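Two complexes follow with chain A in common, the first pairing it with chain B and the second with chain C.
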Partner chain A sequence: MKAFLGIDVGSVTTKVVLIDQFGTVLWNSYRKTQGQPIRALQSACAALRQDMGDVEIGGVGTTGSGRKLADHVVGADTVKNEITAHALSAIHLVPNVRTIVEIGGQDSKLILIRNRVVTDFSMNTVCAAGTGSFLEHQATRLGISIGELGSYALAASSPARIAGRCTVFAESDMIHKQQMGHNLEDIVAGLCDALVRNYLNNLARGKEISEPVIFQGGVAANPGIKASFERETGKEFIVPPHYPIMGAVGVALLARDTRCTRFRGWSVAEQQLSTSSFYCGDCPNSCGVIEINDCDRVIARWGDSCGKWGAQRE
Partner chain B sequence: MRLTVPHMGLLSTAYTRVLRQHGVDMQPPPPATVRTLDLGVKHAPEFACLPFKINLGNMIEALDNGADAILMPGGYGPCRFGYYGVIQEQILRELGYRFRMSTTDNPDRLSDMIGTIREISGVRSKFDGYSIFFLILMRMAALDRATALYHYYKPRELNREDTDRVLQQSVRMIDLADSYSRLFKVMPEIKRLFRAIPIDETLTPVTIGVLGEIFVVIEPFANFGIEKKLGEMRVEVRRGVWLSDWLNDRFRFRPFRRNQTAYARKLARGYLNYPAGGESIETVGKTLLFQKKGVDGVLHIMPFTCMPELVASTIISRISKDRDYPVLSMTFDEQVSEANIITRLEAFVDLLERRRHEGISRY
Partner chain C sequence: MKHPRIGIPRGLLFYSYADLWMSFFRDLGCEVIASPETNAEILKEGLRHTVSDLCLPVKTFLGHVAVLKEDVDLLFIPRHVSMEQESYMCPKMIGLPDVTRACFAHLPQVLDPLFHVKQFGDKAADEFTRPIAKALSLSPVRTAESFRKLMSESFGGTAERYRQACSVLSEDTAVPPASKKICIGIIGRPYLLFDRYLSKNLFSFVRKLGANPVSLRPAETEIREAMTIIPKWVYWDMGKEVVASAHVFFKDDRIDGVINVCSAACGPDSFTGDLIRKRLNQRNKPYMTLSIDEHASDAGIQTRVEAFIDMIAKVTA
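So, the complex of A and B:
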């Protein structure tokens, strides 16, 4: 039986899933990228091989901000953007879904779907206020783990009102509220409310959030955010069982159409891959060119705007 | 006197050779690069828009290369742009540059425009002034025509970069055509060159109308080469604003070419009844036109802090809702990350492709 691999290399976490041809998740891994996407990807592949043995791979898809890098490392058949990938997996799970709210490590998206087709979307552009990394940073500052954040928020009696437009202001506002004597629960709940308000004001402005709404991405782990969303919009937010890996599932679903895969094989886990970068300097654009090396051999190069380094591969 | 004019798309290709022939010592700024933008950002007010910063960078680089006179359009202008020349002059003087600055005070009036041309080129007769301007306009129209051919062939090309090479070659050919007769001879040749590109005949690419503030639409450096990127995603670009139209609309030199601004104004009626500055009325009118003509979607691009286009973007999101028509607005400034732009473009193209096959969806 053939299985399909979906890889989502995000800003904060790397997600790898294995699905069968019906879209059932056979295996999944969710780990921190920690600034080393190749290492994270390789260790996920090694873990997959250990758990599942040498499964036959029928197709590979990559998505996330590191999709191109992942493509060069494992050899992908489908390289898709996160928006399409998230939409596909949500439609697969809930065919009549109309709204997808996705909040990840550094970006957040709102996708509107009608009749199983994406009709509109928006994505945060320059500001990461109200995404996972912001929450994590604040949780660390408050001395609680990111996993506990939700239960604290749910225990609040009267959430503090925190300015959520900008992370810097939110932080100083939180400190102010702490000094005023608000308890931790109320501050955490206020933080969740601020994030939700920020999301609704920026991404959902002028867009209709209609049911069924699916809430996915890493931040969906936080029941406090879900509760804030439901309170603010009056709609029910469904958190799917595989909420953090939905992007990877989506792109694996796409990879099912592959006829002949470009997958490099399980040896990718053991390859001695390293990346290096240099500035071209042949014109004032001085593009940062990135290359992946397998031992001494250059596998791929990219990042140049004129294309002369990319063309030189192998 | 070595004269420089900031870049705007292919405009410098249109006038440099013509003015040189009439004895103007032209020093076009070097093509915009990251260094140009860095220089502009460093010396410009933070909330000035991207065109201001790139223009300023152009000027600094040209002055460093030996130019000592700058020509900048200005006057009561279409938006804040009208004051840009004045502010840029001030900034450059404070940086210690010595140069002569001419701003065309009333660029919408042909006689003033011709006056400026006569002033810088030193031609005596009015007739020569007019004929120089007309030749520049025709050369610009030829460059725009070549760009439109590029938009058609790029998504269909079989070998990557073929079309880009042909476009470069065409621009060179038009640059060398320094008289009307040569220009008319060169156009059929350019068409032949494009027709010789091996293309995928079976492909019916998704079409996207590109609209917005004219500088970011026509200057690839300001928009991360968005037209090329779309072409590589197999999307046919229909550009809604052209520099030759912009010139022609103001001066009506080509009587058989429709006045696009007036046309857009007519189309926009009901949504925007008066010009709100910049290209706002073109954006609104042409969005409605593209929708009527069956173009799959509209990509609306503008520089950050651009007021007229912000007005237009609100109106076209209303059109999008009223007529169930996909519109994507994007703002550009020096802070924008390319990854984010590519993700949104790809998702938008996916959306349009799926809409085409609505009902026979595979998923």
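So, the complex of A and C:
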């Protein structure tokens, strides 16, 4: 039986899933990208092969900000933006879903759906104040692990009011609140409230959050954020079992339509891939061109706005 | 100066009046050069010479000044205040010659004629050309006539008609006849929309995704019609055109969705963007704002545009 591979290379984490033709998740991996997306992707593929053997792959989909890179590494049949990918998996799971709230490492999305069709969406702009990396940074500063944040938040009696519009201000405000004598639980709960307020102000302004609401992405692991959202909106936020890998599931679902896959095969896990980059000096735009090399052979190039380097790929 | 070399920075109103300005100076016997299309180097120069409160198009404009200033005798940076009665340019545009002078220590002579219909009415064109005639040692009457003649070639020739002399540069963006492809109406200020570097090649990207990008200059009647739907006459010049284009696209059955490209720090755009969303989109067509600043990555813009087109194509159905 053929299985389908879904890959979501995000800014902070890399997600790989294997699904069957019905969309059931057979295997999944969620690991830190740690600034080395190719290595993260290769080690996930190696782990998959170890656990599942040489599964026959019927199709591969990639998504996330590193979707093009992932395509060049593994050979993808469908390369999709994150918004469509997240919508696909949520609709597959809850066909009557009307709202998707997705918060990942560096970006957050709000997707509105009516009758299985996306009708509107918004994404945060360059500021990552309301995202996972913001939470992680603050957790580190407070000396607790990201996994513990939720239980601290739920134990709060009176959440501190923290400015969440900007990470720099949030941090100084948190220090101020600590020095005023607020306890850790109240500060952590205040942090969750700040993130939720930031999200609602930036993404949900003027948009209707109606039930069923699905809450997915890495930050959905934090029950403090879920509680804050529910308190603030008065709606129930459903966290699906596979909340951190929903983007990868979405592109895997899409890859089921593949007739003949471009998948390079399981050897991708062992290839000696390296990247290098250079600035093209042929015009004043001086684009940064990135190449992936398999030993001495350039297998892909991109980053040039005119496309002449990309076209040269072997 | 007998045959001075005049430089026009390729930014802001250049995208509206370039043809008219270039022909005007050539008819007066001057050599005119424009800076090249915006590129990374020009933007970098702009950011280097500017203060952070300015919007991206003004920063970019200053970059064009930077690359042009050494090669010309005169810099043409007109001060457009009002293009017709009850209509104003944004304050940054009104103060553009002053902003430019404040940001550079050494500049060639800046030619900054005033265009102000609200104050001068039908005499606006004469007031506009007077300092140009003086700087070039030409007859004021003949200079004004030359300018009026250019305007009247396609329009009535009155001062207010100057506003309509603008041409849309560089992109072929009419609605294609009987196309089965998705048509995306793209609205926004010309200096953002048609600056390919700032708008991240939006038109060709939409085309690459298999859809037709469409843009338009609304006619006077369309502007009036759009203004009757919203609670108040939009007095921002250009903002009014953006609102009217949105209205035309929302009405047109051939247009599947509308993208509003605006600059992140643009005051007028934040007003008109809200008006468009709340008051004009009565048929609830897919509508998206793409906000652009110097931090905006191509990837972020592309993700949004891809998702927008997927949404119209009902990919998830």
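As a working rule, the second predicted complex is superposed on the first by the 314 of 314 C-alpha atoms of A that agree within 3 Å, B and C clash if a C-alpha of one lies under 4 Å from a C-alpha of the other, contacts with A are read in each partner's own complex, and residues count from 1 in each chain.
The working rule: a residue touches a chain if its C-beta (ideal position, glycine included) is under 8 Å from a C-beta of that chain, and two chains touch if they have at least 3 such contacts.
Keep in mind the model is a prediction, meaning the values are calculated, not measured.
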Chain B and chain C placed together on chain A: clash or fit? clash
Could you tell me if A:41 is touching chain B, chain C, both of them or neither one (first, second, both, neither)? neither
Next on the checklist: Taking the superposition on A as described, I'd like to know which of chain B and chain C A:65 touches: first, second, both or neither.
Outcome noted: both
**Q.** First, second, both or neither for A:119, with chain B first and chain C second
**A.** both
Dual-contact residues of chain A, meaning touching chain B and chain C, are 65, 80-84, 88, 91, 115-121, 123, 125-126, 206, 283-286, 305
In the complex, chain C touches chain A at residues 36, 39-42, 197, 201, 264, 277-278, 286, 291, 293, 295-300, 302-304, 306-307, 310-311, 314-317
Interface with chain B, chain A side, in the complex: residues 65, 80-84, 88, 91-92, 107, 115-121, 123, 125-126, 206, 253, 283-286, 305, 307
Within the complex, chain C is touched by chain A residues 65, 80-84, 87-88, 91, 113, 115-121, 123, 125-126, 206, 283-287, 305
Listed in rising order, the residues of chain B that touch chain A in the complex are 30, 33-36, 161, 225, 317, 320, 324, 326, 331, 335-336, 339-340, 342-344, 346-348, 350-351, 354-355, 358-359, 361, 363
